[in-house]
Amino acid sequence: MTDQLLDALTRGVTTYDLARQFRVGMPQSPNHPQFWHVLPRRHGDMVRSDGGSAANDMITTGTHVGTHIDALAHVSQDGKLYGGSDAGDACLGGKYVEHGVHTIEPMIRRGVLVDVAAHRGVTTLDGGYEITLEDFRATLEAQGTEIRRGDVVLIRSGWGARFEEGQAFVGGATGVPGIGEEVGEWLAAQGIHAAGADSIAFECLRPGAGHGLLPVHRIFLVEHGIYIIEAMNLEEISAARVHEFTLVLVPLNIFGATGSPVRPLAVVSGE
Amino acid sequence: MTDQLLDALTRGVTTYDLARQFRVGMPQSPNHPQFWHVLPRRHGDMVRSDGGSAANDMITTGTHVGTHIDALAHVSQDGKLYGGSDAGDACLGGKYVEHGVHTIEPMIRRGVLVDVAAHRGVTTLDGGYEITLEDFRATLEAQGTEIRRGDVVLIRSGWGARFEEGQAFVGGATGVPGIGEEVGEWLAAQGIHAAGADSIAFECLRPGAGHGLLPVHRIFLVEHGIYIIEAMNLEEISAARVHEFTLVLVPLNIFGATGSPVRPLAVVSGE
Amino acid sequence: MTDQLLDALTRGVTTYDLARQFRVGMPQSPNHPQFWHVLPRRHGDMVRSDGGSAANDMITTGTHVGTHIDALAHVSQDGKLYGGSDAGDACLGGKYVEHGVHTIEPMIRRGVLVDVAAHRGVTTLDGGYEITLEDFRATLEAQGTEIRRGDVVLIRSGWGARFEEGQAFVGGATGVPGIGEEVGEWLAAQGIHAAGADSIAFECLRPGAGHGLLPVHRIFLVEHGIYIIEAMNLEEISAARVHEFTLVLVPLNIFGATGSPVRPLAVVSGE
Amino acid sequence: MTDQLLDALTRGVTTYDLARQFRVGMPQSPNHPQFWHVLPRRHGDMVRSDGGSAANDMITTGTHVGTHIDALAHVSQDGKLYGGSDAGDACLGGKYVEHGVHTIEPMIRRGVLVDVAAHRGVTTLDGGYEITLEDFRATLEAQGTEIRRGDVVLIRSGWGARFEEGQAFVGGATGVPGIGEEVGEWLAAQGIHAAGADSIAFECLRPGAGHGLLPVHRIFLVEHGIYIIEAMNLEEISAARVHEFTLVLVPLNIFGATGSPVRPLAVVSGE
């Protein structure tokens, strides 16, 4: 008796890596502890009697740097988390026991790419541009993609390609393109499970406004329990015109944390 | 036209989480930086004008703690890494540019569980017990499981249940059960892609011997390029008697690191 | 016109280092983040065009590890800090703005050593032994030392020599010798400024009791505003029979922290 | 018999704090791990049966951030450290066993302030301005200060006041004022023990040149074994016109590190 999933695998799949590489010095929000990776021990530092040697690592990092997922505990509104939990009580002994990242189930789900930049024929939308519902629906229609309950929806503005440029990606002065309340409310109404984008804060940031007001974070994380994935690499699936796929996303099971670095994959049958 | 993989998904799958939860204070090897998670900002620390507030995290950790994967750069023998690379030259600017964890492709592969403890009818094999090839083959036969080229092979000694007991899991005085050179060489000959176990160092540790000599690490990482996954949680798939599955394992793409925390999944069709 | 202090210096002084060396793996309380020091860059990793190269460090550590000082914000009793401050309100934006270590003035003060172990003629007092007021006063009398208002009082039990033995220094099973409430109340009544000891928690720990109850911490930090210095190295001044000296102790000015690593010195005129 | 030093103390001293406060977000070189301080446990997170509670800290930081001292192991030239040590061999097991910060003796020494900015009648010298030997000697003469063998010499350009302005202090685009090779060689010839300044890299940085070439570091650290102290706060002693004092500087005794945060003091007799 064959497992249908294994069987599909055996016939060949193509995997797209939707994450940025974690590198010391990569662009990130100054609100979060910087990513650092160092080698406490290198080969040769301590060689065993049999000629063997082990090298190892030390990582220090925020969880909202690089490609990462926001747990529902990340944002509160008027002292409440999703479902009306008291944000103070949700933190016990220095851990978000409620809505922490340990409560996010690993995702193996239908994923869709809404490639607004490609539809608009631009490399990237402009800094600070808010993607309208009209933009969004026109893109879906042109792609022939439908959004279903439970989907993970990835929105490409094209800004992600600036990741390699460093501070430009953070977009303090220029702003960053993305969706705003209009598309956020509409997506929430579709009952999606999670949403991601190729920018640092998922949603539209106005030039010079910083991360002070993030209405889509409130709508998704606090009002509807929809997870947010940030700083994704959507260039490759865009180039391949892959708009529907199996999305694999497995957050680290860190007890009580508000987010986790992730390396999401888009998988499609065929090689 | 439906994607075959998505189609299999749509018909329902069951997912087993093969990772331990990352918790401050969990048992780990003293050779690696301790896992710590702290909240720099909690809700209420800084409330924005609109009543919103964000909490965040700081993580400090080794990469060889909790459930994790060893990159080939982790171990050298006589100054060489896998494929004969010079272990000194492989490290450039403080990063293992060769054989670092960033070179491990995300795995969506056939996985098999070799449940030696279940076959032997014990909760756990004894500390320091080396699983023989006879044990191993008898287990495979009893299970009706075959090992194929490219598989990820998970070996359950039962010792993993001690993870919740803290230092007992580390097994300094008692030793830890696991495979030795005999089974290691045999597995390498089968052409497997990676192997995992429910113990701290994957292989058999003799009582009081510590991590000083790890011959299977040499055989797998240095001689055959086979990845090693440690401190897995194999209790649930053991109880469910799931011996063949789709193994999903996605290391973080940390440039130049020797390992990564992971949260591997076993996925089977049917709910 | 000569500065009197500089003048005294010029005539020669002897300096005793009262701190333990910070080393990866040194004994420390498991309640606090472990001390780690790693080199992100070593010489040769990145050589500049002119042949120059810089090596650097990354430190991760708790502040209550190694030789360190406790700020008043470290301990609360019934929700109050020293002076009746509300322990919740004292923490603003994730920093102890009240009674944090940044509020401790650098100390250049009269210091006295109360060498109980030497007076008793033992290498170390026994684990769990509580130094009585009688012990304490007998030691002072034998030494001919008096305690004055504003002094920094260092109490030697001899246990500090176990620092090099690792876990034995922590003393979980054996307990650790030190003063208890009796001597604590008496010292507080003398109006001392700070007190230190050569053990991990300054005061007497009963065998197996851990750090659960620390009454002298309450008396000193919460009730009297007296700073506590832990894990000091008092071996050298003991051997030199230096019982009165200029104590130099300069905490790092870390805004909002509850403690700081320190390297206190005892300085005496003459070489 | 009174200790002359204690006696001088008793008659009263004034202490000037020459360090900047360690704060999350303070300006620092991007070459070094960022300073972070977080509270793993706050009061109330875990209250003991007797109503007591302890808060604690986690620090992650480079050692060349905030006010700090450079050990001789920090810089090499053509593969050599001070005294001709091989820079590779000086690092054993991931620690600079030679010339690490643990080899710096605590300093209680004659200190002098060379207040070039005050002499020139400016708030701060311009970014990129190199203090000439003529400037330097004119300042010494106007102050009536002489430099002696073994002194710690602090040079004030006035740039330090920009510490509170954040990135302006780092001075990437503007450059930073300071001494260059001319004054560096002259100071080395006087046989000074250490030198400090109120800027991020001690010496003159040309606009846009970054930290790529640091000739005074080579002269002091590699050729003459003179320690360097950076990012000092010299505003207060400048305002008080204190040009000669007892300099107290106690690096943390971190085995094998290339630097240490410090909080140097200038102490003078009289209140």
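Labels for the chains are A, B, C and D, by order of writing; each one numbers its residues from 1.
Criterion: a residue touches a chain if its C-beta (ideal position, glycine included) is under 8 Å from a C-beta of that chain, and two chains touch if they have at least 3 such contacts.
This one's a predicted model, so the numbers in the text were calculated from it and none came from an experiment.
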Contacting chain B as well as chain D are chains A, C
Those chains which touch chain D and also touch chain C: A, B
Chain A-chain D contact: same residues or different, taking over half shared as same? same
Could you state the distance in Å from the CA-based centre of chain A to that of chain D? 42
Report the inter-chain centroid distance for chain A and chain C in whole angstrom, where each centroid is the mean of the CA atoms. 45
Nearest whole angstrom, what separates the Cα centre of chain A from the Cα centre of chain B? 24
Each of the following residues of chain A touches two or more other chains, namely 24, 33, 36, 38-40, 42, 58, 60, 94
Overall pattern in which the protein chains touch one another (line/ring/star/complete/other): complete
Please name which positions on chain A make contact with chain C in the complex. 24, 36, 38-40, 58, 60
For a test of understanding, state which residues of chain A touch chain B in their complex under the given definition. 3-11, 13, 15, 17, 19-24, 31-33, 37-40, 42-44, 48-64, 73-79, 81, 87-88, 90-91, 94-96, 102, 105-106, 108-110, 212-214, 217-218, 244-246, 248, 250-259, 261, 263, 265, 267-269
Which residues of chain B touch chain C in the complex? 25, 30, 33-34, 36, 38-42, 45-46, 60, 92-94
